[in-house]
């Protein structure tokens, strides 16, 4: 056996691969099925968002933010709008804040539904994916009702919303929440508790809290490691301090704290928590009110810079904006959560099999539009 | 012992999952599929209060303009983040009466052509709120497909950018007339461009000599950049005999309403430099253009003018 | 069947001059063609059914456009595949690349020679039928490795290696499980195995529930063995949850990655042929093959009455909880029950053995395989091996010993 010579093989996973969630390329160094090194190669979806932003007026940037994280466009728009509003020092009407929270949380549910469904797809379960998308369609219906678009909304504008929600929106949202809470049990029945699924996900790609913090991992992936950081809770923006919700943390129920199953399950739990927030926001929503704060037609924030962060479905979404007093940002930097989350893949994916790398990648829930920007 | 509990656990959970799929299998009538061309998704229709028409809808799809009401203020063109709207105007004569919009505003600029490139549009709806006459709007018509190949009208060489059917041009002026005007104004525009170029070089020299500050240089760039193809055409159209030949010596923006003066788009300097090499587009050579151009709502085929513009954009 | 066909051909005056050996060869060719046609049609039908079943499980509709309810969809797909460009990658091993799919197809088609469709309808009544089927069907792995290696693609190679490891590992528990049945019958002849399952008896010999004498009801061990065999066979034919050789989300398409057009169609053909083969084997070995579940026409009447009562309860208590009732199971069983009571001829036909029962059982098993496929996630390679060597293999060994002890206890054999 001593003379048996085994070489490591470089395996290019992607950019055309069914489960790299877009156009990500992973350079895997493999020894048989075991992966000894992972090198993510990104940039295939680079659309120069930040350079665009430097040449566009502040309002015109909003539709581009939605195109970064296209699965959570409302969240991206919310973060950007809040950042600019903070620069301008605008007070928003109550109704706007509530509606924004409703949309951001519905978007979180929609985004997590995709994450849960595609994670199932990555480990080979096709049917839960379709169920998840069925519920996501219901959320998109609500968004379409309000904004007129199903994926990229451009609905949360600086200083308010594009226009008010239509009559019947609140009732339809309640209807959706009632239906949705039952459906979560179904996902748990078909996927979460499935023994094969647990075998595929539990104890795989364990991310310790130290590793997670060192790599700047945020969002559900960080909380799965047991680190209690949720910007909605730790530094509440908008009106998140008014709602009562739990921040689910990884317990290691099926294996170790911070494994792929925990990261998956965080999203399932957060969907229920988001549904809770939406319900409270709908209960407290002011019936009447303006949806646009008084803002100048030409937005010229005072000279200065700002870093504003918010909790996107994928983690901490930060906008760093430098203004020179003109109506075009001098510099706009987006701190995208999925970029940092992806960077940890080599650390936690080493030594696992090819199938596990797919599962780990799926559990990190990346969106390439946001990584490449 | 965990060996056996694992096996029993596996069997029970797998059977659990199978129950779910079987539950849906026997209730197959609860499907969510829509048979697309026969059944279509119910579009939420609602007047969002932009105008009086019912078609001012939340749904943001095909962008159309009520061409009769357009006053040529170019507010939508400036608001568009992706530059998919291109408007050609020229100033009407003082005694000429073009008409009024539905809001009663007197139209002062003759809009020769209003081109919307739906293949570039990103459906952001930012162009509709600035419109003072509520004449540009997004309609719920989301179906861009056609059963008619002739409608797509693509030559083999251009098949690689097969999007002619996505460019909508609204125009009351016949293409021949526009072409004529364009040809006449071409020389003038070229001369003007040359003059501006000379002016720019002079200014640069002066700036170099004085070691001028950044601001001075920027002003010049802003001036020169106005002579990009789309606006060249504006110039081209603005110069026919109808109007008194009072070609303004300054930057061509002054031929437009004062709103234009507030425009502060910082374009890439590349576009400026591209002007001399890529002169004014020829909006002619389209014998296939047989549809009545006087009909404002007709979405005619692509014009060379719009194609030339999109190449730049 | 071949000999019968040859005799039939020779019985015509016109053809009798051709000689016995020529007639035998001709009938051999006809039978082979018939089997191939069966496999091809079977694949087309099963692809359609699979798409429909998966659609219904996923709250979709599936193919609806080509033909009424999309019935001609797979025909159109097959025609499309035949028209596609024949692509052989530049760096591929051309001979193996061309031969690989055919090896797989031939291996899965040839096995049908020994499969009895009914008491008379079978191509070759072999005394080693079971052994033949199991051994020939494992040639498939050779074709998969050929195809995977020849593609000169890393994903294909991974798929081929996984497939080789998987199929060879699962041969062992599958073989041992089948030996348990052979131990009961004492023959490898598939017809003999089916004939041994005729009649009615008690469940597990002692429990007084009258059930057919199928081997699945023979003893708890054979009951378990049926499921062990089903799991092992599912792994052997690379279906979910054991589809790791072609696992879509990991290996793109595994050993099929570089194939297109006709060759890719051959893979599909053999995949469904293999699934059908497994269903046939399960129904032959454990479910009585072409034997009817009812011993006599009274049995049919009573049996269907019981089924109708079950359907009624299910409709009321299980379906009643959901908003919309599905009354098709109840309605169907009610109609059959009434027909069985009104027309004794129908009841007698139901009680007689034949190809109908064989195909019903096969359809049931195939539906079960589809049900698995559209519910479960996929196992990992090492978990697959764990399942094979540490769970399925010990279980099959226990079954083998258990069956022997059971037969000694029930007095079927004496020492």
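The letters A, B and C name the chains in turn, as written, and every chain counts its residues from 1.
By definition in this document, contacts are C-beta pairs under 8 Å (C-beta built on N, C-alpha and C of every residue); 3 or more make two chains touch, one makes a residue touch a chain.
Since we're looking at a predicted model, the values are computed, not measured.
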Quick note, more Cb pairs in contact for A-C or B-C? It is A-C
Chain centre (avg CA) closest to assembly CA average -> A
Outermost chain relative to subunit A, judged by CA means, is C
Per the C-alpha centroid definition, the whole-Å distance linking subunit A and subunit B comes out as 32
When centres are defined as mean Cα positions, the distance from subunit A to subunit C in whole Å is 45
Cα centroid separation, subunit B vs subunit C, in Å, comes to 60
Among subunit B residues, those touching two or more other chains are 14, 17, 20-21, 32
Residue numbers in subunit A touching two or more further chains are 127, 134, 190-191, 194, 196
Two or more other chains are touched by the subunit C residues 57-60, 374-376
Note: in the complex, subunit B contacts subunit A through residues 6, 9-10, 13-14, 16-17, 19-21, 32, 44, 46, 48-49, 57-60, 79, 81, 122-126, 138, 262, 264-268
Residue set of subunit A touching subunit C in the complex reads 9, 11, 17-19, 33, 120-127, 130-131, 134, 190-191, 194, 196-197, 199-200, 353-356, 358
In the complex, subunit C touches subunit B at residues 53, 55-61, 64, 319, 322, 324, 326, 329, 371-372, 374-376, 390-391
Per the touch rule, the subunit C residues reaching subunit A in their complex are 54, 57-60, 154, 158, 240-241, 243-244, 247-252, 374-383
Residue set of subunit B touching subunit C in the complex reads 3, 7, 14, 17-18, 20-33, 35
